[in-house]
Each structure stands twice: as C-alpha cells, then as structure tokens.
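Next, two complexes with chain A in common: one pairs it with chain B, the other with chain C.
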Partner chain A sequence: MMDIIRVLVTGLLRRWYDNLRNLLTGTRPPAGAAGLTVLCPIINDSDGNQSHVMALRQHLQDLPLHENSPMAAVPNTYLCRFYILNDVFYQGAPAEEEHLKSKYLVYSTNFHGDLDSYLSGMWEHAQESIRQVWRHCVAFENVRTTADFVAYMKKCQVRNHLFFNGSTGDPLNRQLKSLYLKQEFSRFVYDHQNTPPEDLQRAFQAFIARTQPGNPDSPTWVAGADTESIKT
Partner chain B sequence: MSNIAGKAYAMNVVTPAKWYWVWVNKLFFWFVQLPGGAAYLKGLLTLSLIHYARWAIVSPKEFPHLDESQPKEKLKYSYMFFFSNFNGSWDQYVDSFHAAIPQGLDLFWFKNVKYPKSVPLQPFHAYITYNQIWTSHYYSAYPLATSNDIKSARHLTRELRAFSESSARADPLEFHEAYQRLLRDVQQDISIMERTPIVSLSAQAVEQRLDQADAERADQ
Partner chain C sequence: MSIDLQDIQGNIVKGYAQYDYPKARYVFYHIRNEVAGRAFVKGIAPLVTTGIPWNKKAKPNAADAPPPATTNIAFTYMGLKMLGVPRKSLQTFPEEFVMGMKLRKDILGDDGPSDPRHWDRIWRDTSVHLWISINGRDPASIETRYQEISHLVAESDGGIIQLSGHHGPDGSTDLPYQSASLIYKNGIPQAREHFGYRDGIGEPYFMASSGHPNRVIGGGKPTRGDPATRKGWEPLETGEFILGHRDEAFETPIAPQPPLLAFNGTFMVYRKLHENVGSFNRYLDTVGENYPGGKELLAAKFSGRWRSSGAPVTRFPTNATAETFEFQLNEAEARLYAERENPSKEAKEAYVALRTQMAAFDYNHDLEGSRCPLGAHIRRINPRGALEHGKEAFNTPGALTNRRRILRRGLPYGEVADDSRDDGDHGIIFIAINASISRQFEFVQQQWINYGNDFKLANDKDPLTGNHGVDSNQQPTGRMILQGNSTATENPFFCAGIPRFVETRGGDYFFIPSLTALHMLSNGTVDPT
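Up next is the complex of A and B:
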C-alpha cells in the first residue's frame, strides 16, 4: 500500500513539474511511438449485389501483403491492422445479451510521431487505397481533402487507456536502418573471423563506406519487405 | 484473413464490462502510466515479445456516431478493446502471460463480464478464444524482425557508429584490439534475421492464395 501511495505522490509531482517546465520553456515532449484506434461505422446497405460489410471484408482480405500492402506507403507506420467488428459477444447467463446496431471497421495502428502528421501522411501517400477501404463507411463520401480525412478519423477515434511500447519509439526510417546495419554487420563479423588486422581494418572501412551508418535513408531495408529488399 | 505478418501476430480481443467496474480498469491504466507506476508493467517488458499493445475502453456513448442515418448504439455494457502485436504463436503468448504475470492479467481484465481469471489455464484460453476477432489485413514494417531484434539493432547501431568514429585513425593493431572489444560489447546483438518458420497453417494458406492470385493476374 505504501508503495502505491509513493508512486501516486511522486508520479503526480513529476508530471506536474514536467508540464510546468514545458509550459515555461515552450518546449514540447519528444514524439515517440503512439497508437491510434478508430471505429468507423459501416454503411448498412447494399453495394452492388452484396452488402457493404461483405464487400469491405473481401476487399481487405484481398489486399496485397508486406511491401505491397497499401500501408507500406504510409510514413512511420510500424504495425497496423484492419478488422471488422460484426457484433459484440454474448458471454452467457447471467450476462445480458445485447447487440450492436452498426458493424464497424476497426483500424488500429502503431506509428511514430504526432497524430495529425501521421493522418495527413496517410492520406497523401495512400489516398486511393484509403478511398477503396473507407468508401464502405458512413459519411466518408464527404471526405475530399487532407483536412477532411484527419477530421473524419478523429471523429471515429476512441481513446486508448493504456498504450504499451515494448519496442523503441524511434522514427521508422531509423528502425529500418538499424535492422539493415544489424544484418549487414552480423554477416561482416561471420565473414571476417581470424582475418589479419590490416585486412580487417581495410574491410571494415569498405563496410562503413558501403553501409553508411550515418545516413538513415540509404542504403536501408524496404518498409514491409518480408525478404531482404534493400533500398539504395 | 491472417493474424500474422512475418514474425508478428495480431491479437484482437473485445470483452464487456459493467460501467461501474470500468472505472477501476481506467484507474489502474492511469496509475501504471505515472512515472514510477511503469514498474507494474515490468512483467510485460521482461517477457520482451511484444512490439506494442493497447487497451481502449469504449462506453456505449463513445461508439462513433457520424450521421443521422446511423442508428445510435443502445448498450448496457462498456467494451474493452485489446490489441497486441507480439512475436511467436498464440499459445506461446497466452501461456507466457498466464505463467509470468497472472496477477497483472487479472488487473487488466478486472471484473470484465465472466472473466475467469488467468489461472487455471484452460478457462483463460477459452475466454480469450471466445472473445478474439480475426484480423482481415495485417501489416508490419519489418516482417523479418522481432521486437528484440529492433531493440538490439538500435544498440548495435549506436555502438557501431561510435566505434567507426573512434577507430578512424587507429593503426591496424589498435584497430584490431578495439574491434575485439566492440564484439565483446555487442555479441548479444549479432545474429542473422531470416524469414520465420511457419507458425500457422492458415497464414501460410493466405500467402499461397494471394501468390496464386498474383500469378493468375500476371498470366492474363
């Protein structure tokens, strides 16, 4: 109990201090990893010869995977998913049985940066794919601009009560560059066991020139690639 | 439909809770986010197989209502949405948490309707299975990497850049000594990432179906 009180008191004091310091110095805390959860109601009507929900489910299931996924084009997307919430689950007696009046497209994404920049980037880099998905959702026909899309997504946003980051909060290009370097350096180490000092130094200098550790954008891994695709 | 993207698995669980109990869940979630409260999430960090996880509690009034044509939800329960991105199979994940942080799980799902508690295992398995929803499309920016790969890659990159700068003017023997020290410091970060072994026949079937569809399109 004393531990909990200690965490509460020190935690609140620390948070107030951080907020006050940021206010006085005009600084903003650095952006890291964040999570977005949106529930978009699906149109309860037909789309040609099938329902919107069926058409949407089929469309999502047919989307290309990995680096060909439309989400690979959206900057700073770590991991994201789509699923369809058809209804809520009845838990059995004595729980009450209840049902949703709409079906929802659930979009859940883990990304780097602030929400407005992320959503703007999503619209600007994957607009056509987004239209193909969200055209099945209520009121999406009114979305025409980046600002409309950001506002629409925020209307559908639900609050995350706990976001757990078990990875790093680095920008995606840095994460991909680090993975590329880890892979390349691991190979270098395996290939240069028992290499004489002079040859080793020369080989290492060539390795650094080739892999450019200080350049986060090139050469690096391609976002979403499930094989070793390297972007130069 | 696949819950798998490379080495990541997407879990979605939606469970009901009575409105007067969700305040306890919200209070707990708020508490662990205070500086110092994160110690209560230590079990999650120790297991180290999660990229990102998230809990969102949605009350009946918070279900998005966008247009008059859309009926308003009339629900008695609030719903807790759980999303996880983890490495390994479903069984490995659920069993690890059941074994490592049973009290933590019981706090996360505290008083959710008919939550059986995380021990014993079989009712907990049944509860998660019953309330899980399959993912229609799942994307990972790094299908070849685990969460541990990303963390170790960050450490290796930092060390490698520092070594590259500090050893730039060293003679070959000095360089060799420093290189051996570098390897000692980053030995836990050195490994080759490969495609994951098949952990799900359904995920394999999805990839085969899409590959076949691509091949058919290419033939046309």
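Up next is the complex of A and C:
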C-alpha cells in the first residue's frame, strides 16, 4: 500500500488505553483534534499524452516523503494521505457489477484546530503543491482564493466518523516538542548513569538550557520526519 | 465501464497492420542490473504507444495523431525479476509465465523439428528479459525509433544488452533483431501469409475494441440470433484480454499482485513459426490432383477459407460463389486503397459490408462439416458455438469457446525465394494476447490444434498448423477427413500423409504492463504488501 499512500505521522500512541477504548466504542477525536476526508472527482479526459488519472497517480507516486513532503509544511497536520479511488470492487457473479461515476482523489487528514483554519493554512503554506495535485480534479480551475479553496474542499467533504486516534489533541508544535523532549531526556538518562550528584545537576541544567522545554518551537522535531530530525 | 485507453498499451487494442503500419521490428534485451534496467524502462516509457483512438486528421504532434512508428514493451518473468519486482509479487504470476515457453514444450507440442534445440540461437543461448516492438509505415520511421532506443541502450553503459541471435536468410544466425512485414504484391501490402492464405480476418471483438461496430459480427460471442446480423453476436467481456476487468466467468480474472501492477495489463505469446512452403505446395499439387474439387478447394478445406479471398467456405462453398465474392472484394479494397488519405463514406461502407460477410457465419447449417470440414483450421481455433453439435446444450452457444479466444497481433517475416523448397527463413511472427496464457493460448494449441477429441476427430491435428509427426520410415502421418454431404452426391475424402507444414523457431511468454505499471516498474515502487 505504501506506493499509493503518502503518510505523515507526527504523533505517538499516548494515552493508548483511552485511544483503544475510543476505537472500540466509536471514535471521537480528542479535544482540539479533527479529521477530514475529501473525495474529489478526477477529470475524465486527457491531460496531454496521458489521462488525468494516470498523470495524477504518477505525480502522487513521485511526491517526496516525510519531512520533504509538501504537506509537511501545512501547519498542524498530524498525518495525511493521498490515494486514488479507481472504482468499487467487483466480487464476481452473482454480485451486481457496479461502477463509480468517476475516479476520485481521496485526501484524508487528521489535524489540530478547526476546519476553516486548517484549510486556510493548507492553501497558504502549500498552494503550489496543492495546485499540482488538484489541477487534475473537476472544477478546480475555478479555485483562486483561500475562500475558494475552503469552499471547494468542504463541497467534496465526506462526513464520516473514522478518526485515527494516534495522538492527543494538542497543537502540532507541542506534540513535536514533547516527542523531542522525551527522546532527549531518555538519552540524557542513559548518558549519565552513575554520575555524581553535583555533576548530574550541572549536566541537567545544561540539558534544560539546551533543550528549552518552555519554547515549543525550538529546538524540536521537524514535522513529518520519520527518523530523528531536529530543528534548532 | 469505460476503459482508460491511455493507460493501455496500443498493441493490445490495435492490430497495427490494419492501421497502415505494414512493417515491424522486434528487438529483445537482457538486463544486467536493476538500476540500469529501471533507467532504461524509464527512458522507453515516454515512447510507448497507448490505446488512444487515432485521428488521422490530427496535427502531427497531437496526442491523438498516428505516430510515424509505434513502440510497445513487454517483460519475461526473468525480466521482471531483474527489475527488482519483489518476490512476494513475483510469486503471484501464473506458472506458465514463470516457466516460459521452452519449458512448456510438451503442452505446446514443440517436438521434433519444433524442439527448442532447433530454435533460433537467441532463444537457445541467451536469457531474454525484455521485448520491444516497433511498427512503422516505412523502414525509415522504424530505423529512427530504433536509433532512439539504441541510444538509451548505449547510455546504460553495459547495463542493458541488446540480444542478437535471430536467424535470417542465407544462413545468417546472428541478426540483431527480428524484422517482419506484410507481404507486398505490386507494391501494395497484402494481408496474406506465405502459403497464400489471406490472414488477419478473424479478430475477437470485446467491449474495449475500437473499430466499426459491425466487427462484433463473427468477432464477438455467439448468441442464438442470426449470425449474419449484429443480433447474432455480443462483445466479449474485456477481462478475457485485459486484466482487472470483468471476464466471461463474470469475475475479475486472476492476476498478479498488487492489483495496480496487473490492472490494464495482460499477457503476450511471441512465437516465430517457420512455414514449409515447398512441402505445402507439393502436398496440394499431389493430393489436389486426386481430389474431385481440385487444389484450391482442398486448400480452402484445410483452412476453412478460400486462399485468395478469405471467403469462408461454409458460406461460399463453390469456386463460383467464392470468385464472385473475391471480385467484389478486390474492387472495394482497390477503391479504399486509392482513397486511403481521405476515404469516401461509400467506399468504406462497401468494404465493411463485404468484410462483414467474411465473418458473419457460424456452423449451424454445416454441422456435419460437408462445407467446412470439422477439422479445418478456422473451425478448430474458433468453433463459434459448433461444439454444441446442434443440441443447444448450454445456456449460450459460446459456452465452450468464449474463454478460449485470443487476439492475434503478428506479421509475416522473410521472403520465399523458391516456393518448391522448405528451407530459408520465412513464416509468421505469431503474437497472441490474452488474460491467461494457459487457459487461452495453450489450451487452443494443445487441445484444438494438436488434438481432435473436442471435434470428435480422435487425435487428428490441425492440417495447417498441427505438429504432424513421422512414422518409423520417416513418412509423415498427418490425417484429415473432408466430410462429404448426407445426400451422397459428395463422398468423404481422406487426406493422409500430411507433413508438418509449420515449425516453431523460438519464442517466449511476456507480460505487457499498463502505462501506470510501467511507471511503477521504472521507479521500483511495486509493493505487494
């Protein structure tokens, strides 16, 4: 599946028990978090020497991953994925063979904050990349402003209740900072086993000065990183 | 459901020869390492011809303009492996494709002179990974495209090797590619093979087929309606020829994983078939002398079609009827050829009407085979519902044939220098396209060409293409019965001592990926998990 999914994970499974319970009882995003799924019809026509659906699939397959993903620049994205819904699956006779009227670009994301702010941030921070993806979708050529984009996405929104509970509802920068601190601290512990108390205190003060727990933006993890990648 | 013809390689949905591409060059490659292999495929991908319908009036560089030369690409199992397709995916490919043609010789009847030991050197001494076909209007267009591809080979710095070892005329055994071409007569390309039969008439018509809707007549699957009209036929399901679509079992065909790798792709059979023209002519001359209908009727009974016109013998049973038809057909074709840049509606319609007659038949009025023998070539490879033997035994008359159809995309190769001799290098590059090589091509080859039980003909083989053997005195043992009619005005005739007219000289099984899958192969992103 990885070939069609571009995943951007920024959370750890904290409060895993609560999350599991939510998963089993019908999920509800934690306070502050929200989910969005949009199905945008792909233009059923040629785009030069290719059909739009082929061109879009190739474009998505060629998108860079992780912190280099254009979606990593979108504020407060916990995770997101793109895929193409070709058609409904045909199971063979005696099932009826049914087809979708169109092929769809599916964009699915979990994020912090309210939908309008998220979509506005998406347009403002990844406009060019978004155009490159959505230009293959029906009527996207009419999208010119932030308000147009928000309206377009809302029109394509699918109201569902499937939220992947992978994190708290905190803003992304706080979650990344927590992950950074947790990792740095565990490294500190390993490095200072059996250190005499005075040395340990000095080292810890240096640790606090370096990691700046009160500053959520620096140093911290880079959004989208799948391995350790620190932003200072 | 509509099919994305821009995602499908053009050779699946188009027989290029019918679109004025009379010449072809087939080139084979070996991949030395994965990185070079993927880079080469990436370089070829933009050159690949898709299934998009052509518009003759489009500007030369428009997406729907017919190109000066076409390009298509396919892979053997070893080729996919060398491109780094993961094992989990490779394991989902069908057994016959994994084995390759050589190891399937017992099923295909490639014995005696057809044994892989006697094949062209390229098939014996090397490992073919990749096939590229270039079809062109003229040799120059083909050469231009060939040079473009050779440039990519040179760039691979030894990572890609173009395999030589094709046999040719004058005893050459190391030609760098296989050429093929329609046979020319008076400068006009003819749809004809070296035995003199008009070829390329019967073409399965399926839901994604292009061309005139009348092609469903005789090309589709039989209903119980009148076979002379469109009521008698329905298009075959696309899944018989293209993976990922509904097939005649009303399910999606078994296909390699992941689904995106197989979707809009298919399998191809490539076979170089030598034609023993001398033996064929001698047999027709000798036996035709004793056959009451004469030599040409004997040839027609072998095939099921008259040699010169292609008229089906079950519909045009006498020389007189066939000649009238041929006269009309020649006139219609000459007119269409003369108007080929901008054909008039009348010229096209006159041709389509005659062309339709060549396909608009079944064997319901000829169940005994008194017109078209039960063992004739075209009746074997496409029985058109005749396997019910008049009993309406199934829900549909095509029950035993609809899953055995193949698309043929080959061309003749070589020239016959002396039609009294068998040697030389001439025959047919047979190319078949189907969703399942074992269910479709191999079944037809094993059960219907090299065996006769389904037609109640014991172990008689196809007279023209069967692998007839020899007895202990090296005398040929092929047999065929030309059934008489029930009123005893015409007696049955027994053909004995038929030699092997067609011998295999090489080939293999290939996977034709979609354009999407080609992109995945070139990027190394085939992921079956």
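Methods note: the second predicted complex is superposed on the first by the 194 of 232 C-alpha atoms of A that agree within 3 Å, B and C clash if a C-alpha of one lies under 4 Å from a C-alpha of the other, contacts with A are read in each partner's own complex, and residues count from 1 in each chain.
One rule holds for everything that comes next: a contact is a pair of C-beta atoms (placed from the backbone, for glycine too) under 8 Å apart; a residue touches a chain by one contact, two chains touch by 3 or more.
Keep in mind the model is a prediction, meaning the values are calculated, not measured.
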- Message: Tell me the contact category for A:92 with respect to chain B and chain C: first, second, both or neither.
- Response: both
- Message: If you tally the residues of chain A touched by each partner, is the higher count for chain B or for chain C?
- Response: B
- Message: In the overlaid three-chain picture, which partner chain does A:183 touch, first (chain B) or second (chain C), both, or neither?
- Response: first
- Message: Taking the superposition on A as described, I'd like to know which of chain B and chain C A:126 touches: first, second, both or neither.
- Response: neither
- For A:153, is the partner it touches chain B (first), chain C (second), both, or none of the two (neither)? neither
- Query: Of the two partner chains, chain B (first) and chain C (second), which one does A:48 touch, if any: first, second, both, or neither?
  - Reply: second
- Task: Tell me which partner A:226 touches in the superposition: chain B (first), chain C (second), both or neither.
- Result: first
- Query: Both chain B and chain C touch chain A; at which residues?
  - Reply: 4, 44, 57, 61-62, 91-92
- Can you name the residues of chain A that touch chain C in the complex? 1-4, 44, 46, 48-51, 53-54, 57-58, 61-62, 86-87, 90-93, 97, 99
- Note on the structure: Listed in rising order, the residues of chain A that touch chain B in the complex are 4, 6-8, 10-12, 14-15, 33, 35, 37-41, 44, 57, 60-66, 69, 71-72, 77-85, 88-89, 91-92, 95-96, 98, 100-102, 104, 106, 108, 110, 138-139, 155-168, 170, 172, 174-179, 181-183, 185-187, 189-190, 197-198, 200-201, 204, 208, 213-214, 221, 223-228
- In the complex formed with chain A, which residues of chain C make contact? 1-2, 4, 6-7, 46, 50, 52, 63, 246, 249-252, 258, 260, 263, 515-516, 519-520, 523, 525-527, 529
- Item | Residues of chain B defined as touching chain A within the complex | 1-2, 5-6, 8, 10, 12, 14-16, 25-26, 29-37, 39, 41, 44-45, 48-58, 62-67, 69-77, 79, 81, 83, 85, 113-114, 130-131, 133-145, 147, 149-154, 156-157, 160-161, 164, 167, 170, 172-173, 175-176, 179, 183, 189-193, 195, 206-207, 210, 213-214
